[in-house]
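Take a look at these structures.
Common to both upcoming complexes is subunit A, partnered first by subunit B, then by subunit C.
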Partner chain A sequence: MFDQADALLLARIQFAFTVSFHFIFPAFSIGLASYLAVLEGLWLKTGKGVYLDLFKYWLKIFAVTFAMGVVSGIVMSYQFGTNWAEFSDKAGPVIGPLLAYEVLTAFFLEAGFLGVMLFGLERVGKKLHFLATLMVAGGTAVSAFWILSVNSWMQTPAGYEMGANGQFLPGDSWWAIVFTASFPYRLVHTVIAAYLTTAFVVGGVGAWHLLKDRANQHARTMFSMAMWMAALVAPVQIFAGDLHGLNTLKHQPAKVMAMEGHYESHPDGAPFIVAGIPNSKEQRVDYAIEIPKASSLILKHDLNAPLAGLDTIPPENHPPVGPVFWAFRVMVGLGFAMLGLGLWSLVARLRKRLYDWPLLHKAAIVMAPSGFLAVIAGWMVTEVGRQPFTVYGLLRTAQSASPLDAPAVGASLLAFVLVYFAVFGTGTWYILRLMRGAPKVHEPGVRRTEKGPIRTAGITPGPARAVGGPIIEQPAKEDGE
Partner chain B sequence: MSVDLTAIWAFIIAFAVFAYVVMDGFDLGIGILFPSFKVGEERDQAMNSIAPVWDGNETWLVLGGGGLLAAFPLAYAIILPATYPLIIAMLLGLVFRGVAFEFRWRDPGHRPFWDMAFSGGSLVAALSQGMILGAILQGIEVDGRAYAGSWWDWLTPYTLLTGLGTVAGYALLGTTWLVWKTEGSTQAHAYRLALRATLATLLLLGAVSLYTPLLDARYWERWFAMPNVLFAAQVPLLTAIIAGFLLWGLKKKWQAAPFLLSLGLFLLGMAGLGVSMWPFVVPDVVTIWDAAAPPRSQVFMLIGVGLTLPLILAYTGWAYWVFRGKVGSEGYH
Partner chain C sequence: MSAPHIEADDTPLWRRLLWMAALWVGSVTVLGAVAYGIRLWLKG
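Showing the complex of A and B:
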């Protein structure tokens, strides 16, 4: 009933599923940790309570997000062994140390300081607490560095030697392994993506509360901060993405051919296919809407530059075209939509209508999840686009999987799907509920007691202070601490 | 004299595994016994005693797994497929356990469910970890560089025994931790549970210790042949002494010592494991030298470990220090 091909496909689906689900959380928590560090820093610098309130508001959301990122991340660190044992044996000597560095320099840092960040403000004082926040934020960024280094090595392998037992062994320089050709581009593009993802979530939440009460100072502050990010960083991201694409053209041309839908070579200028239905059977794009020579202009900065197509690549090395083609268009489309919202916010600022333009706020709410979609689409482009290889050009996906029976992989896949949708679906719902409540003056901290009725934010009497004004006394005791 | 990097790495991985077992062990142990604590203050105290540190504790599991991949990729590639359903069960158990720390505070209506998830997840994770250990000890079928058995080979009476032993041992760590960190009715309950957990742990540890040499003549030789026996015999001897102190301490209501003595029991268990396995990583098939990554990988990582591990231990210690003392019902005081 099952054969190895089924087991391989199921293992691929399982990896795609678990990694896609997982990446949603770090894409948010990398940016959110930095945002929290900025908020706490601004609070320490200016003494304005609004920053502390926002810090505590987003800290509760961060706690839930981070927990989901941790548990789904541990799954990933074992996926390599459970489902991709051949790959682990062969590539372990090269990528294993990078993953070990990720644990040593990032995971411990985040986890070690998280407890203090969540619960320790009153125990360690402001400065040490800020240090803890910085360490957590730094840990998330360092983690991105190492895991993207691993991924980049798999995309553009370098610095290795082949061992007699079929293993990839490190050559004389680890520098060459850590900093492969695609790594700088991937790192910049991914980390900016995480910041943008967070900015649009924060912006969406701010917009939601502005629609309900446009005088809400907390909502104004977060909406303004988020829209600055959108306006300033979205163009940078489009530029970084373009450079990343050119780098891919150089090192993984087949991926770009799939992104462009170029089955055929174009010796005198290739068109950009705006939309169409890739038909890999016939090796053409059906119903294509094309802009003549635009692809050559984008990729080669020359209208008539020749561009090779998939017809120059042996068929057994073709990536699946459809998913790559579509995911690329989703990602780019969202990128420009983000840019559009950022520019709109600049116009609103100039016209002094940033907090007073319901249509802008509604657009920001619609765009709130755009970062997640763009990030997942981007990973689909790069991961499906490098098929059929795990180590590009060297180790085929089919030769990477564990010697497992299809029912074992299928059963575990089913378990992951059920558990992930139930658990992370519930977690997402909790986060949305936290976001639904507006940040308050004297926003309570992470609550840790179940005695009595649930305390809603703002009930705890605290010292009086004006919104956004300096704190007159110590802030209200962290609820339940 | 040349330094044997592979042996150093075996010790580093063993250290990571030990750190994980004892640190997440008490988290999981508290989870396993969670339903026996009264809803309200007792559960709050139990949960709050580990909430600030569980995440750091669990990171040692990632270091154990990631380190195994990095330092002994062949072992990683054989053991994980061989124990596939157990690993998946452990991971899913840890998913439920981990999110429950946050989710139980989000909605009072859902709290009973997340408390069950916390407990059930902890139990499944602990049982799976113990069974993984048993599955490695009882031997793994290998062909060339890959696992060659079926996906149910791990399920035997022996692995069930090691699984239960681990559950009992984690319960011991969890209860003695609570004895240290809590007060009032929570602590009184923890004392009662700790006594039972001690007896269960000793019983199951004894059963596993007697069963293991019967599994394979080689284990018999390792434990009972001269001159090994001179060293090996110290392990059960010390275990008996520590167990005596532990029972005495629980009777005398010592505060911190029961937990530290439980750590001692686990350390001896680790030593016993060393007697049984060294220098194999998959018994009788793959030694640490067969499985080792090349020296360049080992050196590169050793630099990282040398630079970061002291720092990690320092700030982990600091985080524990910040949350020292009795936990109280409303978080730390």
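Showing the complex of A and C:
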């Protein structure tokens, strides 16, 4: 079946397939973990039951998302060994420790404390439980730090020495390896993207339940919180993305040339191509719709600044232009759509129609998956734009693959496609089913040991009284928490 | 508004810490088992 196929291409398709599936889950869980920490913190601070109900509602969704993220992430780690053994051999001494830190964080901070989050509220008490929630939220951020450090080193390698056997070896300072030139920009841009992804999912779910019942207090609270995030963070993300783009122009100019569709150099100001069909055979963009000199304005802040094109780069070092060009436009378009929804919500808030504007709620539902599409498009820009290298400018993708025959890679790819669609398809269906149900007062999720509602806001625990019976003395506190 | 009170807050600290440790170890063990299972699948 795969006899005539190219093993390298199949390995790349397999990595693209598994990483695209994987990226969906941490993009959601990084933001959701922080959202849960905010909800629990607000519950502890204000005592309002609505925050605890929302915490329990989203905790169930977080658990499923996190499980799928971890399982698909483990596959990614193993794939370095199965399909990319040459890359692992050559780059392992540098990126291996960073990946190990990521795995340790995922195991001991995120996964470890997730159990306490899920089953611990009525066993460890509210303060220790909040500590566990903070550990999970912090763990997702630390995980993102390490994995993006690895990726950034592959984009802008630094701090290494070349070994006699062609291996990249650590140089004098690990700081140079961890904090490469593109890392701060990539970290900020990606983590904000994860927060926005979560905000739009939460906003979409809130909007869905508002359309069914606009008096639903839980839906109002989550929709309002999500729209604040959209209005305040989307502009920050656009600014961060611009800085990231300028950094990429400096360190990976070929990637930006592909993003812009600039096959030719423009000595007197380069146009921004809004849309068109990249034609790499003829080295031009067909049917281009251009804004004259706008690309120079964006990238150099000068209408007449010269911009080099792919004609200055050897053809064997060109990235594939079409996928990078279109993925960039999808990402940017969705970013501005997010900003638009955020601004619309501000107008609705000013007019006191935030919970009473069905068109806004329908738009929020349509935009609910926008974060996932944007992060996958952004990931395509950065990864396909790095081609034809795995370690930019130093190690080619063709030199990185394991010496496997096409049928072997093809068979495992087929197995991954079948298993991933079955396992993660079921998980995603279950998450959607959880979202379809509205959050309720006294949302289930944490086992209660007493009958009746959990005592929350502003209720100082007084002497318990059995129904029709005498007052029962409260036990004295024995700890100093 | 004052901080809410739940029944577990009245449990001794050492007992709550033991529960925390047990839940933490259980979670890490489950993930370790899943990772090992995937490793066996990929090696198979």
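What we mean here is this: the second predicted complex is superposed on the first by the 437 of 481 C-alpha atoms of A that agree within 3 Å, B and C clash if a C-alpha of one lies under 4 Å from a C-alpha of the other, contacts with A are read in each partner's own complex, and residues count from 1 in each chain.
Operating definition for what follows: a contact is a pair of C-beta atoms (placed from the backbone, for glycine too) under 8 Å apart; a residue touches a chain by one contact, two chains touch by 3 or more.
Small disclaimer: the values here were computed from a predicted structure and weren't measured.
Residue by residue along subunit A, subunit B and subunit C are tallied for touches, and B comes out ahead. Once the two complexes are overlaid on the shared chain, A:G125 sits against subunit C while remaining clear of subunit B. In the superposed model, A:V116 lies in contact with both subunit B and subunit C. Across the two superposed structures, the residue set of subunit A contacted by subunit B and also by subunit C is 70-71, 74-75, 78, 82, 107-108, 111-116, 119-120, 123-124, 449-450, 454, 480-481. Interface residues of subunit B facing subunit A in the complex, by the touch rule stated above, are 39-41, 43-44, 48, 51-53, 55-56, 58-59, 61-63, 65-71, 73-74, 76-81, 84-85, 87-88, 91-92, 94-96, 98-99, 101-103, 105-108, 110-111, 145-148, 150-151, 293-294, 296-297, 300-301, 304-305, 308-309, 312, 315-316, 319, 322-323, 329-332. Of all residues in subunit A, those touching subunit C in their complex are 43-48, 52, 70-71, 74-75, 78, 82, 107-108, 111-116, 119-128, 132, 449-450, 454-461, 474-475, 477-481.
Residue ranges of subunit A in contact with subunit B, taken from their complex: 63-64, 66-68, 70-75, 77-78, 80-82, 85-86, 88-89, 91-94, 96-97, 99-105, 107-116, 118-120, 123-124, 135, 163, 165, 167, 169-172, 174, 402-405, 407-408, 411-412, 415-416, 419, 423, 426-427, 430, 433-434, 446-451, 454, 480-481.
The touching residues of subunit C, counted against subunit A in their complex, run 1-14, 16-17, 19-20, 23-28, 30-32, 34-35, 38-39, 42.
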